[in-house]
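Look at the two complexes coming up: chain A is in both, with chain B in one and chain C in the other.
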Partner chain A sequence: MKDFFPILKSLKKQKIAPILLTLQVAITFMVLVNTAYMIGERSKKMQRPTGLDEANTFYIVTNFLSEPHQVIAEQNDILRQIRGVEGVVGATALPSLSLVGWGRYTDFYLEPNGNSVGFGGYLSSDEHALKTLDLEMIAGEWFVPSDILETDKEGTFLPSQVVVTQALAQKIYPDNWRDIVGTTLYFNGAPHHVKGVIKTLQNAWQFWSAVDATVLAGVNEAQPASPSHIAVRTQPGRLEEVMNNTVETLLKTPGRKIEKMSTMREVRQKAYKEDLATSKILTAIGVGLAIITALGIFGQARYNVSRRTQQIGTRRALGANKWDIVRFFMVENAVVSSIGVVIGLLGAIILNNQFVELLSINPVPLSYLLAGTVVIFILGQLAVIYPATRASRVSPAIATRGA
Partner chain B sequence: MLIMKNLAKVFYADRIKTQALHPFDLQVEQGEFVSIIGSSGSGKTTFLNIAGLLEEHSEGVYLLGGQDVTTMKDKQKSAFRNEKIGFVFQSFNLIPELNLYDNVDMPLRYRKFTAAERDKRIMQALEQVGLAGRKHHYPNQLSGGQQQRVAIARAIAGSPAMILADEPTGNLDSKMAQGIMTLLKDINAQGTSIIMVTHDNEQAAQANRIIQIKDGHLSELKTLEKAIA
Partner chain C sequence: MMTYYFKLACLGVRKTPFLSFLIVAMIAIGIAATMTTYTVSYMMSKDPIPAKSQTLFNVQLDNYTKEYAIEMGDKLGYTITYQDAVNLLKSDIPVNQVALNSSKETLSNPLRTDLDTLNVMVRTTTPDFFRLFDVPFTYGNGWDQQAEDDAAQVIVLTKKINNQLFDGENSVGKTVVFADKIFTIAGVLDHWSPIPKFYSTAVDTYNDPYDVFIPLNTQIKNEFYSALNSDTYCTQEPADGSFSGLLTSECTMINMWVELPDEQTKAQYKDFLTSYAQQQQAFGRFENSTRSKLLNVKERLIDDDMIPNEGKLAVWLAVLFLIVCLLNCMSLMMAKFFGRSREVGLRRAVGASKQAIFIQFSVELALLGALGGLLGLALAQLGLNILTGIYYYMPAGIMQMNLSLAVTTLLLALLCSLLFGLFPVLKASQTNPSSQLKSL
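Now for the complex of A and B:
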């Protein structure tokens, strides 16, 4: 503290250079906090669970070889073949799947001609989906085989048994989401009986606000015009092996083609490709700006050291030891950084308010502002260590001999 | 107060040995005013730097205030320098961004004085050099002579046993120079030893003793005429 007030007075006298550096620190703080927050938000978004055992799940798309009226039977046969592969935990047909980017969505009604009570994604499958997708039932009951309808048309128009995600149940029954069990949901003109509630099952679109609001209908659907989409869950650590064996097994049937096969990790990577790229760009901007600021502080400190060589020598001659000199430059930087951070805090809040309005994101929480303060402070101190150490090596004899 | 025995300084530049100061003995008692004269490059500044603990000596023993400074570490040496020695430089070496008060305060901040003690010392020192009324002024608002007075106030504020003055009037006109000499003599009269390096024989003659340095050899002169001769 013994250097604090003289440094403050000295900075006040110097004006331009400290003001410019302070502004640089402020701008860096402002941008850094907002980019860090946006990266954090994206990261949280990318880490949302689909509800599936992603590490051990893949999906496979294969063609139908039989006549249109036999596709259901053929699909069941394909599923039997896959379930017979060593290491398969479960397999189920799903016309759409979490994060794949294609699927169906619908509005929900509690009365046939009533108002919409919510909207969400539509998935359909059979009783094997619970085990295959690793779903967690949290209310009501799961499908029994007799619940499952089979159709070679679009199943969404059939009155069916359904389970819904907790997110959808909460949207429809905000006071007590469990009340949805046993009710009838109307969508696509048909009544659907809600058997139970599952904890999580994301639908096809990660960017959609209703990605967690999903209805899973007990419909085994196979349309002749579309290939069969099948999700497969394997025993832990056997994903690659099972994928290879599944392909080998299916291709034993003449004419069978594997149109597509992808792990859920690949599906996730693809779904969040843009978010990941944006995060990388934001990270690069943040890191780049932090480096530029650190270099700015470093350069300013070095310039100060070379400009003040004789002054440093004089201070040494008059009794400052090496640590006093290091501390002088560290405190000087801390003062500049602190003023910069205070200005930056105000700027960050103003900038964030604009982002909140323009990009519909939440306000930056206090923790980010505090973390930003610490980061900028440490960054400044790290940048000034080398010049400050160099300054401490200035010989006190410079005071008499000149720089 | 200051005892140097068989003290010498050798520089090595590109493995070439330069004997800046040949071995010499010197003793300065408390309250003495000693002038160091010699031509440029003779070793005056080297001597002053060694005496002020700004440079290491190569050989010999240096006792200051009864303490051997040879083995002192940087931290100890800095504190010792701060407490025992006041410096007056040819170019004043004031901090331009600090006002007179803060300039005088600077070495005191390296000591564990209370704020009140520092304030008392600063004001006393500024009063002694006649600049107490201008304590909020900055160095660039003063004449050269006034700046040197501030430097002297800075040197005496810590009550050192010895002041080392390096050409203190070198950048001043004769009128201002005489004012500074009068001030230094006043300070010396109060018991502070002064060792002053100077080119000016008239000023050197105002000291109690005159040491001449010629090609790194120190010799004490009985009278100034010998030096001139």
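Now for the complex of A and C:
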């Protein structure tokens, strides 16, 4: 610590150069902390599970050929055909599916005319969904075949048996989510009996705060104007083969069209494409900035070393060893970094407040600020090591040569 | 005199090649980062139809249930019901007016059995579409009101589809098989892709226009419909699941645009909407209110959050990046000019004024700034190429600089280098001749 006051003195004497470096460190700190936080939040968001066996699941949407009142029979026939394909673990029809960006949502009520207790996505399916969507029952019971209603209209309006996700149960019964089993939920003007709770099943919108709050109704629905998404789960590793065979099987029916088909991997990629792109750009800006600042610190230190050769020589001649010289530069950098980080902290908080308003994200937590401080210090010390060791090699004899 | 300073500047750059190179590189990198992100943000949010952005309006009505209205607050839906669209189209106040819906169908050229049948996205609309949105044609035209009223089987192809099915030849008057029916080609569009695609939905903002266009009545008559591709929204259950049930329901599915050239016609049309809503309320519809809204292009883009904030965020960060580069530059300039203090001392001693030194170094700075700008422009092109890969799902047109952006890049580089170089240059020109001469 004995170097501390000489360092302050020399910084004060140079004035401009240390101020510029401090500002650089401050800005780098605040940008790094904010970008790191935003990247962290995005990757957390992207890693949430849908609940499905994504690697081995795809969905398919076909057209309907029959009269409106017969489409339910036609859909059941399509399902039977798909379930017959070699390698299919399960197939089930739903109005939409996790992350597809298109679907239904609803408000939930505990009494017919009470206040809303929460909102979430609506899916409906038959008893095959348990296996097909890889659902995990964590309370209550799964549908039995006699629970399943059939309709050619929007099933949301029918009184039905439902299971809910744990996230939805927790929202409605924060104290003990298991209490939801056996109760009646009202939505879309109809009472729905809650049979059980499933662990995870995301609904259609990845950007929605209620993406994990899903109700799955025991309704096999086939609407003439909007054919269902048929989810198909295959045996591990047989996805591509089963997809090809499914299309081949279905197209044997004259007039049958495949409106849409996509693997769950593709669905996920599409849903999060913007987040992924933004993360890449944020990473580029953060890394670029760190490199530029490190270069700045490096350049500044080298410039200082060459300017202070005489001084260093004198110190060496007066008995300072090599380590003393290296230490001087490292402590000097640490002082500059500290001031920079303090200013940067203020800046980061102000900048983050701007972003919070602009992008409705949460404020940066303390852990990121601490990590940022450590990174800036390490970055500064690494950048200064080479010029400092060069300085330590200055021969004491140089002090004796005239200026 | 200026040529002399320019010569000195070149000499100065050559004397400290490494520092000069670093300064140029710093300016270039900072400028490139800023201009790359700014270009994307600018192109994402630019005015898609400058000539008409103030006179085109999206029509919104309030057919919410009372319950749903509480949830939506001030916001109205950007689509209206089919029955409302049919009624509103009867007005003769707007210069042009269109109703939009969409579908997905198959399309093939019956004379070319070697080509696959295409699955095409279909924009179903009314005849004014092409006039209202200033859509350019290569061959032929749109369809007229008569064809619309008759639900004629006519079709307009985009350039892309015409290239695929007819090798880009004039196909007007030829027939295609559209959804297993025979359709006659009325026209072929020239390249047309407004960015952002303001007239559609938020999820569609940066996609190309749909592949083909057919009359709305033809869609209705033939029941070309799939809920997946039609952007239908129901707050109340339709009476029955059939297509005709959907058309008479409160489900909104038509995106309607009107062209109102001045304030007077706009006020007139607004009155028309209000009295229409009141009349419908008297029939027992519009239980929540008789509100209506006319949103111009910009308001529509904002109202539906059609333009992502990500672009703006990246610009913010890139500007900070530029500032760090320039601060770095400033340190480098200090070092550069400090190293030249002997030269300054000598020049001062033989009679050069402080101003002369100041101008000399400023010219050198401008030279560095200009070099930085040029290199920055090249790097920005590289950056935009990389962004084209990252934003693979956006049209490539967004990742392109126009002339004014390129000029901005150069000027910004020059301005930044002069602004941040001002202090180092001032300091250098203040050098005391005697102190420097002593050490010679």
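The rule is simple: the second predicted complex is superposed on the first by the 337 of 403 C-alpha atoms of A that agree within 3 Å, B and C clash if a C-alpha of one lies under 4 Å from a C-alpha of the other, contacts with A are read in each partner's own complex, and residues count from 1 in each chain.
The rule is simple: a contact is a pair of C-beta atoms (placed from the backbone, for glycine too) under 8 Å apart; a residue touches a chain by one contact, two chains touch by 3 or more.
Just so it is clear, the structure is predicted and the values come from calculations on it, not from any experiment.
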**Request:** Check the residue A:P112 against both partner chains and state whether it touches chain B (first), chain C (second), both, or neither.
**Result:** neither
**Prompt:** Between chain B (first) and chain C (second), which, if any, makes contact with A:P236: first, second, both or neither?
**Reply:** neither
**Asked** Touching A:D3, do we find chain B (first), chain C (second), both, or neither?
**Response** first
**Prompt:** Between chain B (first) and chain C (second), which, if any, makes contact with A:R315: first, second, both or neither?
**Reply:** first
**Request:** In the overlay, answer first, second, both or neither for which of chain B and chain C A:A277 touches.
**Result:** second
**Request:** In the three-chain superposition, say which chain, chain B or chain C, touches more residues of chain A.
**Result:** C
**Asked** Once the shared chain is lined up, is A:Q300 touching chain B (first), chain C (second), both, or neither of them?
**Response** second
**Message:** Applying the document's definition of touch, where does A:L20 land relative to chain B and chain C: first, second, both, or neither?
**Reply:** second
**Asked** Is A:G182 touching the first partner chain B, the second partner chain C, both, or neither of them?
**Response** neither
**Item:** Contact set on chain C toward chain A in their complex
**Value:** 22, 26, 29, 33, 37, 71, 104, 106, 203, 225-228, 232, 234, 237-238, 240-243, 246, 308-310, 312-314, 316-318, 320-321, 323-325, 327-328, 330-332, 334-335, 387, 390-391, 393, 423, 427, 439
**Message:** Show me the residue ranges of chain A that touch chain B in the complex, using the header's touch definition.
**Reply:** 2-3, 6, 9-10, 13-14, 310-311, 314-324, 395-397, 399-402
**Residue ranges of chain B touching chain A (in the complex, touch as defined)** = 45, 48-49, 52-55, 74-75, 78-79, 81-83, 87, 89-91, 93, 95-99, 102, 105-107, 109-111, 138, 154, 158, 166
**Item:** In the complex, chain A residues that touch chain C
**Value:** 16-17, 20-21, 23-24, 27-28, 30-31, 34-35, 61, 63, 68, 101-102, 107, 152-154, 157, 223-227, 257, 259-260, 273-274, 277-278, 280-282, 285, 288-289, 292-293, 295-296, 299-300, 303, 354-355, 358-359, 403
